[in-house]
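Encoded as structure tokens, the structure appears first; notes follow it.
Read from first to last, the chains carry the letters A, B, C and D; within each, the first residue is number 1.
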Amino acid sequence: MSALLAAAGSLEPAARSYLSPTGQEIVFLLVGVLVLGAAVVSVTTRQLVHAALWLVVALGGLAVEFLLLTAEFVAWVQVLVYLGSVVVLVLFGLMLTRAPIGRSPDADSGNRPAALAVGVASAATLVTLVVDAFRSSWIDLSGPAGTTRLTGEFLFSHWVLPFEALSVLLLAALVGAIVLSRTKDDRAKPRPGNLRTALTKSKER
Amino acid sequence: MTTTHDLGQPVMTSLAVADPGGLIQSVDWVAVAPPLIAALAALAVLVADLFLPEARKRLLGWLSAAGLLAALAMLLPLLGGTRSTFCFTSGGCSYTADHFALAFQLLALGGALLTVLLSLHTVDAEKLPGGEYWFLLLSSACGAALLPAARDLATLVIALEVATLPAFALVALRRDGRGAESALKFFLSSVTATAVMLLGVSFVYAAAGTIQLQGIAEGLAHAPAQLKPLAEAGAVLTLVGFAFKTAAVPFHFWVPDTYVGAPLPVAGYLSVVGKAAGLSGLALVTTVAFRPYGHTWGLVLAVLAALTMTVGNAAALRQRAGTPHGAVRLLAWSSVGQAGYLLVPLAAAGYAGSADPLGATVAYALIYGLVNLGAFGVVALVGGSGRLEEFRGLASRNRWAAFALAFFLLCLAGLPPGVVGLFGKVVVFRAAVDAGLGWLAVVMAVNVVIALAYYLKWTALLFAPAAGPAAAPRRAPAPLSAALGLAACGAVVLSVAPQLVLQVVSGSLF
Amino acid sequence: MHLAYPAVLAVLLFSVGVYGVLARRNVVLVLMSVELMLNAVNLNLVAFDVWLRDTLHAGQALTLFTITVAAAEIGLGLAIVLLVYRTRRTAAVDEVTALGDRHEADDLADAAKEQAAA
Amino acid sequence: MNLALPILVPVLPALGAAAGLATGRRYPGLARPLAVLPVATAAVLALVTALQLGTGATLDAATRLAPTGGPEISLALHLDGFTSLISVLVGLVATCVQIYSTAYLKDDPRYPSYAALVSLFTAAMFLVVYSGDLIVLLVGWEVMGICSYFLIGHHWETADARAASLKAFLVTKLGDVPFLFGLFLLGADAGTFRIGEVLRTAADGGLHHPTLIALLLLAGVAGKSAQFPLHTWLPDAMAGPTPVSALIHAATMVAAGIYLVARLLPVFLQSSAALVVLAVMAAVTMVGSALCALAQDDLKRVLAYSTVGQLGYMAGALASGDRQAAVFHLVSHGAFKALLFLGAGVVIHAAHTNSLSAMARMDGLRHRIQDAQWTMAIGLLALAGVFPFSGFFSKESVLTAAEHAAHGEALTGSLGPASAVPTAVGWTVLVAGLLTALLTAAYALRLWLAVFYGRSRNGKDLAPQAGAPYSPEIDEADPAHLEPAAMRLTLWVLAVPALAFGLAGLRTDWLPALLDGESLRVSFATGVLGTGTAAAGVLIAWAAWRTVNARAAAGQQPADPARLLLGPLYRPAQHGFGVDQLYSAVFVRPTEAAARLVRFLDRAVVETYVRGAGAAPGWLGRAVRFAQTGNAQGYLTALLAGAVLLAVLVAVRS
């Protein structure tokens, strides 16, 4: 059965050459360049808050890429979870740790040369591997692959167990985050959802 | 959308394969009972925490212990045979309770139970927030119990996260600088390792077309040659996440720092249950999913094993008696070294091309788990700043604790009278030799000898005369004594009758 | 669409994340870089899912799980960062090194003691 | 026969040890009975077992212990004449030592744990003797190693004791690693760990790597039985209490190595190379240690070196293919060496020093401790191999075995063809043995004269010399009183076998029937040669003693007769021919590291271990610790770099 699945992804010589891209591909590439550029700026800029904002651009661009790949539901989740909450959390984190608003000269650690080496090495390796493997693969984008209805169906007909496990994970993360944000002598239990008050309170201390 | 359709390819909608009778997979509740009960117990603790008055919070700990006992009891009806649930209509299941899963569930839940007993005192003494502590511990145990039964990569990854994520919070639960720092290191290493692992998973998925373990094996065996390098790299990257949990070198750096900063029972928990989770995941993905690439990961694991044991033991050897928290640090490095031994049969499985050597890992892990938790328990009992110096003359202050620790250390070292440790090592040794990994066996033997030095040094320290005036013997808290007694009795029983645990070596696991 | 496009984009994004994790000083920025890595994996998974026409949609399911895991991780991670900041007054990853085991100071002290004893 | 008896023999002392450890602190009064009674009972049971078994019979019993998936391990019992003989010896010596210790360590606060360890040690030795399974034997072997570590380090307040216990442990462990490999290889080759079956396989030529196995095992034997080049721990181990020396270093632990080779001799006979190595090892050990013994000033070190030398005789007999002679000498040596050590304990107790040169300046020791004087005379005569003491017969049987081997007709009995032993082995052992006989007689006489016939020159020399060897005992001997009866009477008990056991060699039917059945009769040629060389040694030593005393009377600085005899060899011999220094140079980092070794004894376990095993783990450990900077980013770099490296390697390979 899985042999059949493996054959489902076509390794046949691409129906189109790389030199005559489809409209979708052009959009994908343009957005891809934007995403990559935003990501690079995000990890190099010296303005910490800007880094978070560039991250928003990169993650939003990725949502567009998901849409282009016909994975609608994933795209919306991406927008909701990342742009809606993760980035907000990150900004909170930056502010609560009193990250300077302007340029900070020491945004990068002394580990930069090593980081560059490892980053370049990983990029070289992975790109080589991926290009070598997929140089002739073609994605068939016809038909719905990720509508909300479809997603709901496959999630609940195939992936119930990890889904349930995730609920334990989320609850544990929530409880963990709350308990760590409370200060030690703060014995009164915060009501659910006042993580933020706890955070700000701790900041005031 | 302009696409060219591959005509030879059947177009299937999800409706065509989904079970027409019901949308949701059927569930065998008995099979999933062990992790499920742990999760339910966690919830119960969390709810009970809201209603219990401050003075009765101790009950929560006992409630957790009861929950884990119930979960352990639910292993018994599963002994008969293999049961699977959460099955796909197209074949394969997400959850399988076979002997392999049961053995590791026993380790995870039993280890968690011992940890609970060890923690009862710590939670009080260090004023940790009780309800959250027990809840997080039980959630993590639930993940560790789910992991060995998972049979697809999604469940495996999520279970690993369920086991790990609460542990971050547990490590930092003292909410002081040390706890925070150690949690930070643990967290960063773990998150990075997870990302690398997921990248590997995505490559494996691309090459095999599925994320069910059994399916991956078939898919990889038939994968086109073009995808092979990618698939092998993906397989190896997938191992990283589990190797991180197992504390294999070079993914081990977090271990000493984290153990030192964490509350002691949590450190013990990480060194046993965390390691068991990583190890079971490693065993599953290697021997089940990546079976066709046995020689690749066999070699990788063999090298990792050799590195791990050598680095762990060499570092443990350098621990000074006067360093604060030296005892925990020594145990941390020793656990790195032991992880090396645990990896040996896995590597052997890659070379032998069969899952038979896994039995040795299971047996050794069970032995190691029991003894190591015991050692952490004694260190917790001694308390203080955890310098090795403080163990000098323990025998004159607290004879039973000293004997217990000496016995645990001898078991870890693999010396008589800790015969069970010796047998464990012999079994692992055999696995390596049988698979033709002679060089690894030699490395292991040398390491066992190196390790003798620091285990014996510590043991000798216990019986040396106390340097200062002997402190008045502190009465050991009852639960702590119970846990230590349990661990010591277990180790003694196994030393007298090692076949109890060694029989898994001969039986078939999957 | 050529599969190579999303796949290459994903691995490049991943490497950028790797660089960020290793080069950034502020822990929050390190966390952001980890998010980049995870997102790269997501792109990979979605692309492979669509390419494989996987009837189980394992790729997309895993993507959704990964997003959730990432959210949980960042929540807990920030709590840890705040705790570190509260106790150590810093959020720079290379300043939180009290638990290291280098002990140069120890070694020097030992050497001095040995000198004195001799 | 009833299996319970032989099983109880190792179990009783072990239980006694456990009980002693458990109750020692709370009920100190129980410590003595708990120390003596189990061991004594075990000794009686060992005797009963031996008598029940009778001569020429063997008994094997086994119960499966652990399925390991391969060769299985079983709790096997093997009884034959060898085990009978040695177990009775072990029981006798251990009982004497326990009784003696009740008096010798009367006021030692750590007596309970000491006695328990001695019991445990005895139990382990019984286990080694009775075990029919190599792995179970290994367990006993290791337990003995640990016990000896603790016992030698009994006086751990002193640097010497700590260093010595450590050294004993490390050096024997250095041998145990190859030994472990040898055992596993042997088990793998033979497909079983049962000794009986291993021997059967060996006899059928079924071993694939006999030479490798034999050499690996020899390393362990050299460690335990203190053969060159791993002998260095034994003289240092004298820092332990004297009864421990008697127990460990005369009759039990060091005998274990010899006993093991005797049991596995058919394996060794498969490889003439291993026999040659064994013979050379024995020869170097014998001669070297005898020279060292002659030059030592410390009474116990003299005895220790003589033990090394006598073990060399046994090894030589084994190399000649005659295990009867080896075990014969083992037993008689066990008896007289235990006697000598216990006697030395009495002397040290009375003289307040270990130093021979200090004793040589003391008047009247012989009047105060007459028991010791006469029993030690018996022991020394046996050691020197004078007719009709036990040492004479056993040593002659060794020389006879060597002589036969030299003529190509080795007394291998039913174990293998006589041709298995190269003639060079016989010659090596024979020549070295005769030379050693001469030296042995010389140092035995020197010892006796120095201890008992010392003469005070000016009455003020009684205090030990500055820098005299270290005397660890808690010492409150009162010159007005005799030593306690427990110390004196045990000497006489041990004197009986030292005197009479050799006569068993004369009754040619009993002892051989118990062992392999070959004759143990002394051949005329070696008898004459051996006695002649011994007599020559005595004469030379006597002459030297007279010369030295005459010079002293003439007002010259009194000197050690050994200095006269050895000439330029004296100083190297006194320092064990620099083997230790050689080790420092080779294994330990040169010179300054050796000096630091002494200074940092508190960390000694780690440091010496690290250096003894080569400095690599130490450097590695330092590097690892150095990498543990505490900077999480560094950790992440290693993690990611490791992952990338793995990916690259795998991608390149595929």
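The rule we apply is simple: a contact is a pair of C-beta atoms (placed from the backbone, for glycine too) under 8 Å apart; a residue touches a chain by one contact, two chains touch by 3 or more.
Chain identities (UniProt): A = NADH-quinone oxidoreductase subunit J; B = NADH-quinone oxidoreductase subunit N; C = NADH-quinone oxidoreductase subunit K; D = NADH dehydrogenase.
Predicted model only: the values in this text are computed from it and were never measured.
Top contact pair of chains, counted by C-beta pairs, is A-C. With centres computed from CA atoms alone, B is the chain lying nearest the middle of all the protein shown.
In this assembly, the C-alpha centroid of chain B lies 45 Å from the C-alpha centroid of chain D. One inter-chain figure worth recording: chain B and chain C are separated by 22 Å, centre to centre, where each centre is the mean of the chain's CA atoms.
Chain C and chain D, compared by their mean Cα positions, are separated by 59 Å. With centres taken as mean Cα positions, chain B sits 29 Å from chain A.
Those residues of chain A in touch with two or more other chains are numbered 5-6, 8-10, 16, 22, 24, 109, 111, 114-115, 118, 122, 125-126, 129-130, 133-134, 138, 140-141, 150, 154, 158-159, 162, 166, 169, 172-173, 176-178, 180, 183.
Annotation for chain C: residues 10-11, 14, 17-18, 21-22, 27, 30-31, 48, 51-58, 61, 65, 69, 72-73, 76, 79-81, 83, 86, 93-94, 96, 98-101, 103 touch two or more other chains.
Residues of chain B found to touch two or more other chains are 9, 11, 14, 88, 90, 152, 154, 157-158, 161, 165, 168-169, 172, 175-176, 183-185, 188, 192, 196, 199, 203, 206, 209-210, 229, 233, 256-257, 315, 320. Chain B makes touch with chain C in their complex at residues 9, 11-12, 14, 16-17, 88, 90, 152-154, 157-158, 161, 165, 168-169, 172, 175-185, 187-188, 191-192, 194-196, 198-199, 201-203, 205-206, 209-211, 256-257, 260-261, 315, 320, 322-323, 329.
Listing the residues of chain A that touch chain B in their complex gives 1-3, 5-12, 15-16, 22-24, 125-126, 129-130, 132-134, 136, 138, 140-143, 150, 153-154, 156-162, 165-166, 168-169, 171-173, 175-180, 182-184, 187, 189.
Within the complex formed with chain A, the residues of chain D that make contact are 631, 633-634, 637, 640-641, 644, 647-648, 651. Interface residues of chain B facing chain D in the complex, by the touch rule stated above, are 184-185, 188-189, 192-193, 196, 228-229, 232-233, 235-237, 239-240, 244, 250-251, 253-254, 256-257, 296, 300, 310-311, 313-318, 320-321, 359-360, 396, 399, 403, 415-417, 419, 422-423, 426-427, 429-430, 433-434, 445-446, 449-450, 452-454, 456-457, 460, 463-464, 498-499, 502-503, 505-506.
Listed in rising order, the residues of chain C touching chain A in the complex are 1-29, 31-33, 35-36, 39, 42-43, 46-58, 60-61, 63-65, 67-76, 78-83, 85-86, 91-94.
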